[in-house]
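Structures incoming, each one as structure tokens.
Paired with chain B in one complex and with chain C in the other, chain A is shared by the two complexes that follow.
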Partner chain A sequence: MRLELENVSMVYQSGTPFSARALEDVSLTVEPGERLAVAGPVGSGKSTLLAILAGVETPTSGRVIHGTREISRRQTPPPGSIGLAFQSPENCLFEKTVYSDVSFAPRRQGLDGLEVRRRVENALAAVGVDPASMSQRSPFSLSIGEQRRVALAGVLAMEPRALLLDEPTAYLDPAARRDLIRQLVELNEQTGVTMVMVGHDMDELARFAGRLVIIDGGRKVAEGRAEIILTDSALLARHSLDPPGTVEFCSLLSAAMGDQVAPALSEEQAIETLMQIMEGKC
Partner chain B sequence: MLVAMQVSNMVVGQYYPGTSILHRVDPRTKIIAACAFVIVLFMVNGFEGLAVMGAGLAAVIALAGIPLPWLWRGLKPVLFLLVITLAFQLFLSSGEELWRLGPVPVYRNGLVQGAFLTARLLLLVLSGSILTFSTPPVLLTDALGRLMEPLAKLKIPAYELALMMTIALRFIPTLVMEVDRIIKAQKARGAVTSGGGLLVRARGIMPVLVPLFVMSFRHADELALAMESRCWRGGRGRTIRRKLAFSKKDAVFATAVLAVLAASLWIGRLQ
Partner chain C sequence: MSTPIIHLNNVGYRYPHVTGAEALALSGIDLRIEEGEFVGLVGANGSGKSTLARLLNGLLLPTAGEVRVGGLATADAANLDNIRETVGMVFQNPDSQIVATSVEDDIAFGPENLGLPADEVEARVEEAARRFGIERLRQSEPHWLSGGQKQRTVLAGVVALRPRVLVLDEPTSMLDPRSQRRFREFIDELWRGGTTIIYITQLMEEIATAPRLVVMAGGRIAFDGVPAEFFPDRDLLDATGLEPPLAARLAAGLAARGCQVRPALTLPELVANVRAGSQT
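Right after this comes the complex of A and B.
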């Protein structure tokens, strides 16, 4: 589903001494089926952007459009169309067992038992949780990493047409981060669900995103294909962001060799570049 | 209903920053003044007395420079109570019939009583709000702690009680923000938002209530740990950086309040 923001501005507690501007005139289009990353320093307004994009927060001005439908306070998105996971979604676990928590949304959608079971099993499998051994455990007995997966499965079980994730890998260990990103990419490739992910770890975003938007001070300051934005070290530095490690590696290599090395976005690409250089030397 | 509330718009006595004389008066003076105001409020009979008190309160509000929309937002949560009070008095009394609203008779007694009680309630809420609007929470607890100091001699842990209040106040905005977030997340998962019978509604609260409880306990746990690791050990021998001191301002303010209260008592008692 295509998601659009048109000249969206957001002011919290407007008209009071606590009024705070979170977004200023942001326009953005998320194409159906794409993987878009929204990056920016802490407090730049990226979480607000995600909440508005999901239709759970109403902007002070501007329009939000899901597909062909304009979203407003009255006209909320149809239930199940948007999967939204705020930061630390495991804080929203509440049921007695993993199964009942993940099946909460499909049950609310009024699906029959068989379909609910299919969705729960698919959703758990998509985030790498074994349904057979975990279904009947209490979500509160799991580790944070497992809880995170279960909570995300609870969102996936709606089979939403767009999935919006706010720093889904925060507070996870490195291996779990890598797995989760890989699973999200696989899910997008298999089902074509539109994905928007907010984050500031550029290594992660490099592995995830097709396109990237940078938000700073509530404004959209850059937008483009991931390989262009992520290799622009000067742009990233201006907005308190680091380029991915592989890009940094290539620019150090360029400096050491006194020769321009094409920046690499993944380890595989970096190794290939390195092999070519070594072959040339031999 | 909890889940349908616009939580982020709630201001229950939220501090309104300012530099007016009311903001600078010692918080203890304000607390005592507010208590005295409430006591007198329930001693006064008749509208004249209430009018004097209302005028006094209006003067204080003007003095504090608190804008009316802010005041209005603070009143919103109790509006329901005011309307109910008025309605009960209007329709559940007897005596001389004034007019009929459809089939329901409205009595003179009820109208007078209702208006009086509503005005009294309104002044009660306003006087409390003015105190919290013009005093930062930290000062409020400091002052309460000092006022309760004599209780320590009776083995009542005054300092600890005051600290508990500060912590409770401190966590209101945090919890409000978290509730807001949880509601939005659960709504996105299709949790019941409004409508349905009592049972359906009660169940609709569970997806919000359970996470809120879990999170509150976690906050409490972490706070206790943080306090202990920084050697917190109760109020014994603890000094305060901001020393509270009565000054000329307090004398002026207290005199003015006393004058208004005395006048309203005198006028109210004449009835």
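Right after this comes the complex of A and C.
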């Protein structure tokens, strides 16, 4: 599903002494099936942008369009069309078992028992949780990494047409982060669900995104293919962001070797570059 | 041998009101930390590192063994005031650690509760605010600050108590990369000034250069030594569920393709080793 923002501005507590502008005239189109990352420093407005894109916050001005339908306070998105995972979604776990938690939304959608079961099993499998051994466990007995996956499965079980994720890997250990990003990419490739992810870890965004938008001070300051934006160290630095580690490595290498080393966006690429530099010496 | 500032002797911790294997968070922990050390503490989610942190100033009491701070056992309630003046804690989320309605009141909260005279409180607030670059924000309401400024306010409030030991539990996980680096520089400065630092993190880059690394797995200490001995050890990495910093991963990737470069834990170090290797 295509998601669009047209000239969206957001002012919190407008008309009071506490008035704070969070977004300023942002226009953005998320194409159906793409994986878009939204990056920016802390406090840049990226979480507000995600909440408006999802239709859970109404902008002060501007239009929000889901597919062909304009979203407003009166015209909310159809239930289940948008999956929004807030920061630390495991805080929303509440049921006695993993199964009843993940099945909560599909049950409320009035689906029959077989369809609910199918959706729960697919959703758990998509995030790497084994339905057979985990369904009857209490979500509160799980590790934070497992809780995070179960909470995301609860969102996926609605089979939303767009999945919006606010820092989905925060607080996870390195192995759990890597797994989760890989599972999200696979899910997007297999089902074509549109994905928007907010984050500030550029290594992670490099592994996830096809396209990338940078938000700073409430404004959209850059937009483009991930490999173009993520290798533009000067642009990233202007917005308090670091390039991915592999890109930083290549610029350090360029400086030390005295000739230009092309920026690498993945570890495989960086190793390839190193092999060329070391050619004949190993 | 002198009394270590932190001494855990065969410590275990079992969470109350939880049944089954999940209840046992720590077992058989032996750990000595001397005054002035910098210790990086890492481990996968659920490995027990946050539980361990909470034992260090008596927020939790061990259910087996003994935790001593400067020779005083945390199990004796009469020692707790003294222990909590010795060991300051900073946690992940600054929002849950800020108590006052202005930055300066928040920094003053701890010293005032030590019962210090007003001019001494003011002197400590001023020093801590200056030290962490928030003196211009003294009158600000904390909830309008950025995440990095909030976390520095929290740190200033803890440092104003002049603790000899600072335990930091993933203090930068809510900060963007630039604020993370700035925060880390303040911590290094405190360490150089003699404060003992126990630094918990998920970011291996943050502890790659720490003089001592303690790695937790399954509620036990799986490694205690220097990072350069831990990260090249494939078996230990697998057993603890951790991955090495980028520089070490790249060096390992080269080695796997038959190209040996001197191992490195930081990118500048790897660049230097590659440069040396390519010119021989």
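As a convention for this text, the second predicted complex is superposed on the first by the 279 of 282 C-alpha atoms of A that agree within 3 Å, B and C clash if a C-alpha of one lies under 4 Å from a C-alpha of the other, contacts with A are read in each partner's own complex, and residues count from 1 in each chain.
We take it that a contact is a pair of C-beta atoms (placed from the backbone, for glycine too) under 8 Å apart; a residue touches a chain by one contact, two chains touch by 3 or more.
Keep in mind that this is a model prediction, so the values were computed, not measured.
A.B. asks: Between chain B and chain C, positioned on chain A by superposition, is the outcome a clash or a fit?
C.D. replies: fit
A.B. asks: One more residue to check, A:F94. First (chain B), second (chain C), both or neither?
C.D. replies: It touches chain B, and chain C stays clear.
A.B. asks: Name the chain, either chain B or chain C, that contacts more residues of chain A.
C.D. replies: More residues of chain A are touched by C.
A.B. asks: Go through the superposed model and pick first if A:F208 touches only chain B, second if only chain C, both, or neither.
C.D. replies: Neither: A:F208 stays clear of chain B and chain C.
A.B. asks: Would you sort A:T16 into first (chain B), second (chain C), both or neither based on which partner it touches?
C.D. replies: A:T16 sits against chain B, while chain C stays out of touch.
A.B. asks: Quick check for you: in the superposed arrangement, does A:G245 touch first (chain B), second (chain C), both or neither?
C.D. replies: second
A.B. asks: With the two complexes overlaid on chain A, what is the closest approach of chain B to chain C, counting only CA atoms, in Å?
C.D. replies: Checking C-alpha atoms only, chain B sits 5 Å from chain C at its nearest point.
A.B. asks: Is there a shared patch on chain A that both chain B and chain C touch, and which residues make it up?
C.D. replies: none
A.B. asks: Per the contact definition, I'd like the list of chain A residues that touch chain B in the complex.
C.D. replies: Those residues of chain A that touch chain B are 12-13, 15-17, 51, 54, 56-57, 79-80, 82-86, 89, 91-94, 104-105, 108-109, 140, 154-155, 158.
A.B. asks: In the complex of these two chains, what residues of chain C are touching chain A?
C.D. replies: My answer: residues 18, 20, 22, 43-46, 92, 144, 146-148, 170, 173-179, 202, 204-205, 241-243, 246-247, 249-250, 253-254, 257-261, 267-268, 270-272, 274-275, 277-278, 280.
A.B. asks: Which stretch or stretches of chain A touch chain C in the complex?
C.D. replies: 20, 41-43, 141, 143-145, 170-176, 178, 200-203, 240-242, 245-246, 248-249, 252-253, 256-257, 267-268, 270-271, 274-275, 277-278, 281-282
A.B. asks: Write out the stretch or stretches of chain B touching chain A in their complex.
C.D. replies: 8, 16-17, 69-70, 178, 181-182, 184-192, 206-207, 209-211, 214-215
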